[in-house]
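What follows is a set of structures to go through.
The same subunit A turns up in both complexes below, where it pairs with subunit B and then with subunit C.
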Partner chain A sequence: MSEMSNTFPHQKPVNIGFGILIVLLYVFLMAPLVMIIGASFTNGLMIEFPPQGISLRWYFEFFDRQDLVDGLLMSLRIGAVTAVVTMTVAMMAAMAGQVISGRLSGWYQLGMTLPLLVPELLTAVGLLFFLYKIQMAKTVMGLQMGHILMSFPYAYVSIAAAMRQVPDALEEASQSLGATGWQTFRLVILPLVMPGLAMGGIFAFINSFDLYTISLLLKPLGGNTLPLALFDFLTYEFKPTAAAAATLSILLSILGVALVQKLVGLQRAF
Partner chain B sequence: MATVEVRDLRKRYQDFLALDGVSLKAESGQLVTLLGPSGCGKSTTLRCLAGFLEANGGEITVDGESILGTPANRRGFGVVFQNYALFPHMTVAENIGYGLKIQKLPKPEITTRVHDAMKLVRLDGLGDRLPRAISGGQQQRVALARALVLKPKLLLLDEPLANLDARLRDEVRWLIRDLQQQSGITAFYVTHDQSEAMAMSDMVAVMKAGRVAQFATPREIYQKPVERYVADFTGEANFIPCQSVTPHGEGRYTISAAGVTLELAGVPGITGPAELLLRPEALSLTTPEAGTFRGTVTKSAFLGAALHCEITLNDGSVLKLAAEPNHHVVAGKEVGIAIDHTHAWLMPEVTP
Partner chain C sequence: MTLRNPKLLLAIPAIALIFVFMILPITNMVEMSFRTPGESAPFGDDFTMMHYDRILSDGYYWAVLGRSLLTAGVVAVLCLMVSYPIAWHMSKATGMKAVFLYACIASPLMTGVLVRNFGWMIAAALNGPLNEVLLGLGIIERPLRLLFTQGLVILALVHVFVPFMVLPINNALRNISPTLVEASSSMGASRREVFRDIILPLSFPGIYPGMILVYVLAVAAYVTPALLGGQMVSYMPTLIIGELTGTFQWPFGSALAIVLSLSSILVVVLFTALTSRLMERSKA
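So, the complex of A and B:
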């Protein structure tokens, strides 16, 4: 959290009332996480906070459950592909967005973020019909497409914001120094938007890892993503295994953010 | 090193004619300034030269060959931008070596040439800094070195001094001019600052609404402008409308203005109404009897090096002039004004 307060180094110290508000906000945001993480280490048989004793038994339990581990692997695989594909496509979309000007630009931005604005359930149903039409319903590929569609806006917003920070004159300067379009992209544009790009990829991954509704409708026969597997599990057994799975997901998100920090620095990513 | 000719260049945006037939010529090694207010088309002309914009008509030739079909990255022109456009993620040395790296030159050669270029613009020892860690003047010199290190055929400068403070501006201005003359590179220079244009250029093109109003040497632009717009843009100027104009011979006229008959030079071929241009330095104060014009002092201000006066003539026109600072001038006094005839100039009245 000390990382966050450094995000705005130029800001003056705020007054106490505002400080309390910020603290309350963080408590509100962090409390569920702290509780679920705490509960995962319990030695008891129920999800409860504070935990009863400390043990790692529910983590072993989690990795012993084939259905949950399969879900985790499926989610990781789909998330990784989603991140890579989304970064590539969103990068191209953001570059196209740069050259569209005037009133058209607003509509373009709106179009690119449409999957955020349409209720997920409607998108899922529509996509399911579409996938049946093209004989791809209930396949991993179909699910993958759904995840890419839903995660695209996050990556796009992050990358487009980074692109807007790159002045056009840099491209022109590069051109005038003899660089081709591809060289300009590789040597000038890409390094400058890298923080936004990495952030976009991680947003896309985390979002994909978290998707429920669309996975429920599009999931392949016999396959489950982790959220689906967890929900199935919780329907029958209310055991701390679920808390352990949740803690692993949180850990994964933190790893992602740490990775961005390591690669490009959080200050530059936002 | 290269002769550049622009002929009848046209550029249209949806409903705006940015360039309406611009014609210019830069002889080899000349520095040509495009001078004018914002929106006159000077930057557009430069961007067409650089290849960032595609013209809708006209021709640009370098050493007689058209370059309109050549993309910007193969024109081999150096461009210096108003806000420098340095690559923020590269060090000073990497910025300067960028073009050489693109050309895939061997590393040792790049190092040597970057080093030489940095010396040329007096940036020794700053090679490892990032652009944001050096001053504006230094950034500008990096931009200059980055363009010059490639030995371009043509150097294009878009208001390179606009973001610098007055003292630095002077310094960098002379640096640019020196480097340009040493290397003999033909250059185009865009500015809205007339003193910059006067001091640096071999030729000046004063631009007005997408056209070249006058293309001549700085001296001619200042002393023999073709219309009021040019005279106004290049310095302090007084204008007196003429009651009658009688031409005799090429560019010689007898006129009457403010009740006085004068014989003087002017723009050749004036037939309609005309006005007289008198720069403040062509005028001097004298006694009412000895002067060409007679008038009353309406304002005077002591500025240290000179005394600025405004004198109203009997036909109502106002003349501004700079008098010797210790001259005794008070408002309301009747004075005479002597004219240096070699600095008086007749221009046709053109609707702006």
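So, the complex of A and C:
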């Protein structure tokens, strides 16, 4: 059989093997998410896949756990602030980026995505010392700044891509018709880049919601984000409550994927 | 330079954010690594080379560093092997199929690393699905203890970084003109030759950034080894965080972080030098 496929390197034998490989690779990609979602609905006392029976008991258990719910609320709050701030700052930075041309433009893009390219660990360690120095260590504000920094590149990349789609001529036309800079922005540019802007906000929110290392080093006294609370829970208790919490987190990311598809299309976003 | 366009001023908040909360702190960390250990504070007032001496003269740190660099290398190579077929398959897809495939890549990407690692914890349980599969295939006879092994750390890290590699390779493959492929096969090139001489070199502009990003991020990955690696095996990031949060040795922890960064930069430089011919071929 293998000899035949060597002499006739035509479609079928190669394609079936490749097809199976591709299916296996997608199974690999999806496996951990499926495990968690499955395990969260168990009726048994252990985290296991496939689950024992079906129930929602561990979701009720999750909402009864003050430490996990507090973590969820903190993550949602920090994520929301991160999204609003990064959208604003990234929008401004993308507009400035429009007027930079040539070689400098590449360096500008690189600089704006720096927090994504430098390992989170380094930034986190540096920030730990720095916040200590400026007396912001172990405060919510310090953690918030860390999240804004780490999520900024995601917002910037989405918004800058949307800005590039806006023809320069539109802005010139608006200005020659007597609109002020602010009017041009609000009435012409903003509506056109809105999908990209919203997508940037979604990416920033979800990135902030998922951050771990930087939160571990910068966490405020007595406060935990959901990933931190979940890590502690997994280390000390390892009950299906964790699977319920993780499923909520997965739902959020699926919601994010769906929104991005609706706003600009996944193919253009990635 | 005079300010030609007042719009440039809009970049100030972003530049300030990155400069004040990233460039300054990392510079500060370099300085911290030369500080003497503190008596009651996390660091002292004087400067010293002692932390670097201690790291470079102790075989233990060399071993941990070597393990971290090697693990990241294995992760990057495995990532490429997993990502290339996926990217290839994705680059051919159109319409709703493409949307579905992008969603399959984006959903894990947008799910937190901790959550995804937790999924592998469930899969790796003694009577969990991974063991069932291995038993079913006859690869093993008794269930293996998979949790807290280096193998599981590598598997989970590959899973974390596959999307980072798939997306650039997919973009590179989509940029290859189909006429080029048709032309070379009509001139008698076999599928293998087309792949080796045309497609692989032209996808290198996607492979290269993917490999580097994955390597650099994998070297410094903390959550995965901390959650799945157990107590027995140390990696540099777990060691660094331990020094900073457990024993409050800030200068020593900084020196470890800098040694780790410099060595991973060295690996990237070596990789770039070794692959420079491939990169040139992709431009030719």
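Keep in mind that, in the parts below, the second predicted complex is superposed on the first by the 229 of 270 C-alpha atoms of A that agree within 3 Å, B and C clash if a C-alpha of one lies under 4 Å from a C-alpha of the other, contacts with A are read in each partner's own complex, and residues count from 1 in each chain.
Quick note on the criterion: a contact is a pair of C-beta atoms (placed from the backbone, for glycine too) under 8 Å apart; a residue touches a chain by one contact, two chains touch by 3 or more.
Keep in mind it's a predicted model, so treat the numbers as computed, not measured.
By the document's definition of touching, of the two partners only subunit C reaches A:212; subunit B does not. By the touch criterion stated above, A:28 is placed in contact with subunit C alone, subunit B being left untouched. In the superposed pair of complexes, A:246 makes contact with subunit C only, with no contact to subunit B.
Ranking subunit B and subunit C by residues of subunit A touched puts C first.
In the superposition on chain A, A:256 contacts subunit C only, with no contact to subunit B. When the two complexes are overlaid on their common chain A, residue A:39 makes contact with subunit C while staying clear of subunit B. In the overlay built on the shared chain, the residue A:229 is in contact with neither subunit B nor subunit C.
Subunit B contributes residues 50-52, 71-79, 81, 83, 85-89, 98-99, 102-103, 146-147, 150, 156 to its touches with subunit A in the complex.
Of all the residues in subunit A, the ones that touch subunit B in their complex are 167, 169-170, 172-180, 183, 187-188, 191-192.
Remark: subunit C residues 4-5, 7-11, 13-15, 17-18, 21-22, 24-29, 32, 42, 82, 85-86, 89, 98-99, 102-108, 110-123, 125, 127-129, 159, 162, 167, 190-192, 213, 216-217, 219-223, 226-227, 237, 240-241, 244-245, 250, 253-254, 257, 261 touch subunit A in the complex. Per the touch definition, subunit A reaches subunit C in the complex via residues 9, 14, 18, 21-22, 25-26, 28-36, 39, 47-49, 88-90, 92-93, 95-100, 108, 111-112, 114-115, 117-123, 125-130, 132-133, 145-146, 148-149, 152, 156, 203, 206, 209-213, 216-217, 227, 230-231, 234, 242-243, 246, 249-250, 253-254, 256-257, 260-261, 265-267, 269-270.
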